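Structures are listed in the sections that come next.
In the two complexes that follow, chain A is the common piece, with chain B as its partner first and chain C second.
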Partner chain A sequence: MSYWRKAAVTLGRNPVAMGSLAFIALIVAFALVAPALSPYRYDQTDLLSPNQPPSPEHLFGTDNLGRDLWTRIWVGGRVSLLVGLLGAIVPSALGVVVGGVSGYMGGKVDMVIMRLIDVGLCIPQLVYVILLMIYLGSGPFAIVTALALTAWMGPARTVRGLILSLREQEFVLAARAIGASAWRTIFVHLIPNTLGIVVVGVTMMIPAAIFAEAYLSFIGLGVQPPMTSWGQLANAGVQTFRLYPLQFFVPAVFISVTVLAFNLVGDGLRDALDPRLRGR
Partner chain B sequence: MRVRRSIVCLIPALAILLAACGGAAGGGSSEGGGSSEPASETAKVFRVAYTFEPGSLDPALATDNAAGSVLYHLSEGLVRYVGGKVVPGIAESWDVSPDGLTYTFHLRDAKWQDGQPVTAHDFAYSFLRLVSPDTASPVADVAFDIANAAAYHAGQVSDASQVGVKALDAKTLEIRLDHPVPYFVSLLAGQSAFYPVRKDVVEAAGKSYGTDAQHFISDGPFTLESWQHEAKLRLVKNPAYWNASAVKLDAIEVSVVPDSNTILNMYDNGDIDAVLNIPAGQEVRYPDHGVRWGGSIAFLEFNLAGKDQAAGKLVGNLHFREALSLAIDRTTFVHTAVSALSVPTTRFAHPTWPGTAMPYASEYAVPDTAPLSGDPQKAKGLLAQALQETGLSADKLPKLTFVVFDNLPRRTIAEALVETWRQVLGLQNIDIQTLPIPQAIQAGFQGQFDIYYQTMSAEVDPYLFFRYWTSTNGLNWTHWKDATYDQMLDSANRQLDPAARLSALRDVEAYLLAHGPLAPIAYDRTTYVVRSGVSGLDLSTPGPDFDAIAADVGR
Partner chain C sequence: MLRYLAYRALISLLALWILATASFFLLRALPGSPFQTEIPIPPEIEAHLSHYYGLDRPLLAQYATYLDRLLHGDMGYSLKYANRSVNGIIAEAFPVSAALGLTAIGFAVPVGIVFGVVSARLRGQAVDYGLVALAVLGMSVPSFIVGAMLQYWFGVRLRWLPVAEWGSPAHVVLPAFALGLTMIASLTRTMRASMLEVVEQEFVKTARMKGLSEWQIVFRHELRNALIPIVTHLGPLVAFTVTGSFVIEQLFAIPGLGRYFVMSVTSLDYTTAMGLTVFLGVLVIAFNLLVDLAYTLVDPRIQIAR
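Coming up: the complex of A and B.
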């Protein structure tokens, strides 16, 4: 059995991770389908029935403009999940490339890149993101860009460390002896060997990206109205928390449970991809 | 390792829930424990809280509500508002010349807190300092009705004696106006810029006058005992005040608490005696809350030039603007999207503006005012007419930008309006742009908007609001320049008879509504709550947020 196949089997035997994966699939499916099936548009107001409690017409009730919260949750979920996925994958990919080059080249190139990362990591990520958001404007793609430009440094450092140990191994020597270029050595021989750890890193970064979006929306830097996201919905709900706690709890629970599910999947993946932990 | 990782992951997930609960329910407890009460058990102290501290207590530099309210209790001007009426302050009486241009104030025997008499020279010094270009007062324009004040402020007149403020002797102050201003005495009562200051104290303090308790002198009912910055101001009764016997309180404590939910918690815990401004929606928790006018008018501003030329073609069309305005069912929209307390309007006639016998709004009706509930059919017809006039087709309309402040209430308002226009008129070309407040204001000045949700102070007189829309006014962002309007407003304000003047102003209002760049939305109201046992507190006085001079605390 190949490495990846074995990992898949191990993961399949982990009920917590599989349950979480099923839950995420469910959330994604609902986010894709539910708004189209709903009789209401997400921005359709009904000023005569605001702040309704849950009912068969409005499963989660309505907000202060009479908009259906069920529809808004799923439309907002699209933004949150999209930002979560892209906000983890894009910076990780960038980090793998930079880390791969840095680790393989070594010497002065490595020194310069690593010192840049050391300096970059000294400044809290949110400071960069907020400054970039002010420059880029708001919206899901601005958030992803801002995250991509700031969050690549962690993965870059991890990958560089892995490559440093991998490049001393015999298969790399063999590849170079046959005459593989540096580029080919990095991308065909070295990086695939780091993917297990990178994939775990991505899964663990998704919650952080979802949180970053929620946080930015919460402080007013998120998507432009009338588009919404879970963070926006939570922000709107918290204003009337004492009167209509449900309007806050629904998006807050969605954020919390989704983030938890991604973390549990990441946990399961780490166990499955680590040969030392496998089979226990 | 596995277990620990999972717990670590759970913490941020729960934190968002806990943070919200804490902010709403438990945030105030620590604040309450920290405040020490130096006053004895028997002292009568009225305690209140603001979300920000006064920017400055220098009357020429004070601009915010907190400063206005604190100065109201620390200072005494020529006249003051009590219960909505102008009553004599330091001025015992005053005469107005028949042409309405010269006011002569006769001062009573009054003392500063250190025992020196309050003289007409203190007032003359204060007023000249207010309009002096060296002071750079942000509120100097309140005094521009005084002869030559505006020219002196602009540097066109360098001789201060040319300005129409003169102390004839220690007890007589003469003010000459540039043009008749029927509400001039109300203006003196309502603006904190007109309090007297004492030359020797101001000059000794220099730039720090009004920034702490040491650099301030009072001639009013209270003196400033201490000012712990960003924490608390303590005002104590001033025995040297001319009317000290009317003051029942021993002290007023103004706490500075940035979070309005914490202020509510302080009230719930008994740490303050009144909440001056309950956050919208939360008033239902206080069945005995009171309601008062918030003092502002909310309206839509249209940029007739447009953000770009294509947009300007559409927004510049009067029928298009009328269609947008008529599409709104203001009764429903205002109560759900703006505030349940706000009062919808299709006029610019604030209920607090005085008329001759009753408020201006009811005394001077504007004929053919649009219905509050809107008129969708007529709106559709006007839109069709506008499209015909501009030659635009309904499916290829230029994008319009609706600029609102980047906060949740304004976002909600914009979302509701854009959706209304989509539902009623089928318009899909209006994009909301939320901007932080300074950037939004900049966008306004630079004309980078098509539609703007604006709230502006209602001031004390219709003229003061209408003058913003003249072709020369610097705050008129709308590119609406109408010589007829300018001329109508100017001649209305020159009427000496109050009834004729207000009637002419009503015609100005009708013209503004029919031709102007605005669509009125609502007058705001706010709620407050006062602990039972506090008597004599007045929260309706124009100017300050509260008047505790005659208040008593039964404790």
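Coming up: the complex of A and C.
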């Protein structure tokens, strides 16, 4: 059985991971469909019915401007999930390329890149991200860009380490012997062999990216109203939560449960994909 | 060893220089002026203020002055708070943040270690499952949500503790707990994994064969070895406390470094923002360096770059 088939079987036998995966699929489906089915727009205000409790018309009630919170939760979910996915995939992809090249080339190139990463990793990521956010402006794509510019270093270091041991193996020698270029050797022969661990890394990074969005929006640097995200909704909800605790609790629960599901899938994937942990 | 030390010191200095430079140019590249408020001020006054703070000089000259002053430990004056130096703001806010951060770390580290050890010793039992579930949950709930929930239950509903602000020891409890919970969760997981690894080692079998009691095995042999990964964990822990304080201090209206940092960045208070960036950078980088050193001291088996 191939590596990926075996991993899929291991994952399929893990009820916690599969349940979490189903839950994430459900959340994604609702985020995609629910806003279109809702009779309200996410930014449609109704000043005559602000801060309504949940009712059949407004399942999660309304906010201080009378906007329907059910619709806002799902539109916000689109933003939070998009930032979570792109904020994990883009930096990882960047890291794979840098780490792959660095590990394969070795020598001076590798030295310079690794020293740069040593320096870069000294500084807490959120400090860079906040400074970059001010420069890039607010909004989901600014967050993804800021994450891409700061979070590639960890994956680059991991992939470089893997490549260093892989490049000594015989299949690489064989590829070189038939005349494969360095480029081809890295991207066709070496990187595919690191993907298992990279995929685990991406899954582990999704919660971090969702957190980053929530943190930034919560301190007012991320997504700005009328656009929304789970972090922005939590920020808005916390202002009035003594009077209307539900406006805070609903986005808070959505963030926490979704991140929990991603963490559980990540744990399951790590058990399935990381050969170092196989059989433990 | 000495070479490694020199290398680490060099890397740390470079990181600081990059941080200082990046914060300078990123902040200055922004549109807008730190002197504009809700009430527009006349251009003459703004020009005068700019001149007063030296902001009308060429950018590179300003950068040179900034670096020169920084090397002398002078971070200049805030552009928002009249007559307050950045050094003064740090002197005032740092003890606040330190009290909060140390309380959080101080209770999270022992609790996390105990949870991890208990969980590993009782592997596969209900207590283990409970603690592992709690740890995963703790890592999934952002600290500001924990903080707001605590405010709501213990501050607003039960009225046991103050909801926000700073001043008495009672004010520290809720924010420190909110900051510490995530730490406990990640420490529990690290400690548990580390203990499970140590338990399988040969020397534990030897200790058991010698007829040592379980207590002696745990404390003399297993714990000492299992604690080593926790030392490396302390570096990220301080970084986490610093960045975690950005939201927690905002939420609890605590006049600490994190709150000043976020406020100064959003209000374009260049000098304060740059000064705090550098100060927080020094804090985290110095601590990471210390942890690296401690790591080699704690475990004589580790010898980095002889």
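Note that the second predicted complex is superposed on the first by the 273 of 280 C-alpha atoms of A that agree within 3 Å, B and C clash if a C-alpha of one lies under 4 Å from a C-alpha of the other, contacts with A are read in each partner's own complex, and residues count from 1 in each chain.
The working rule: a residue touches a chain if its C-beta (ideal position, glycine included) is under 8 Å from a C-beta of that chain, and two chains touch if they have at least 3 such contacts.
What you see is a predicted model, and the numbers here were worked out from it, not measured in a lab.
In the superposed model, A:Gln169 lies in contact with neither chain B nor chain C. Contact with both chain B and chain C is seen for A:Phe248 once the two complexes are overlaid on the shared chain.
By the document's definition of touching, of the two partners only chain B reaches A:Gln239; chain C does not. When the two structures are aligned on the shared chain, A:Gln44 is found in touch with chain B, with no touch to chain C.
With both structures placed on the common chain, the touch criterion links A:Ile130 to chain C but leaves chain B unconnected.
By the touch criterion stated above, A:Ser181 is placed in contact with neither chain B nor chain C. Contact with chain C, but none with chain B, is seen for A:Asp118 once the two complexes are overlaid on the shared chain.
In the superposition on chain A, contact of A:Ser55 is made with neither chain B nor chain C. Once both structures are placed on chain A, chain A residues 207, 211, 214, 220, 234, 238, 241-242, 248, 252, 255-257, 259-260, 263-264, 267 are touched by chain B and, in the other complex, by chain C.
The part of chain C that touches chain A in the complex is made up of residues 11-12, 14-15, 18-19, 22-23, 26-27, 29-30, 136-137, 139-142, 144-145, 148-149, 152, 156, 239-240, 242-243, 246-247, 250-251, 261-262, 265-266, 277, 280-281, 284-285, 288.
Those residues of chain B that touch chain A in the shared complex are 2, 5-6, 9-10, 12-14, 16-17, 20, 23-24, 281-282, 284-285, 329, 332-333, 336-337, 406-408, 411-412, 414-416, 418-420, 423, 431-434, 436. Contacts from chain A toward chain B in the complex involve residues 43-45, 47-48, 50, 64-66, 138, 207, 211, 214, 220, 224-226, 234-236, 238-243, 248-249, 252, 255-257, 259-260, 263-264, 267, 271. Interface residues of chain A, counted against chain C in their complex, comprise 115, 118-120, 122-128, 130-132, 134-135, 207, 211, 214-215, 218-221, 234, 238, 241-242, 245, 248, 252, 255-257, 259-260, 263-264, 267.
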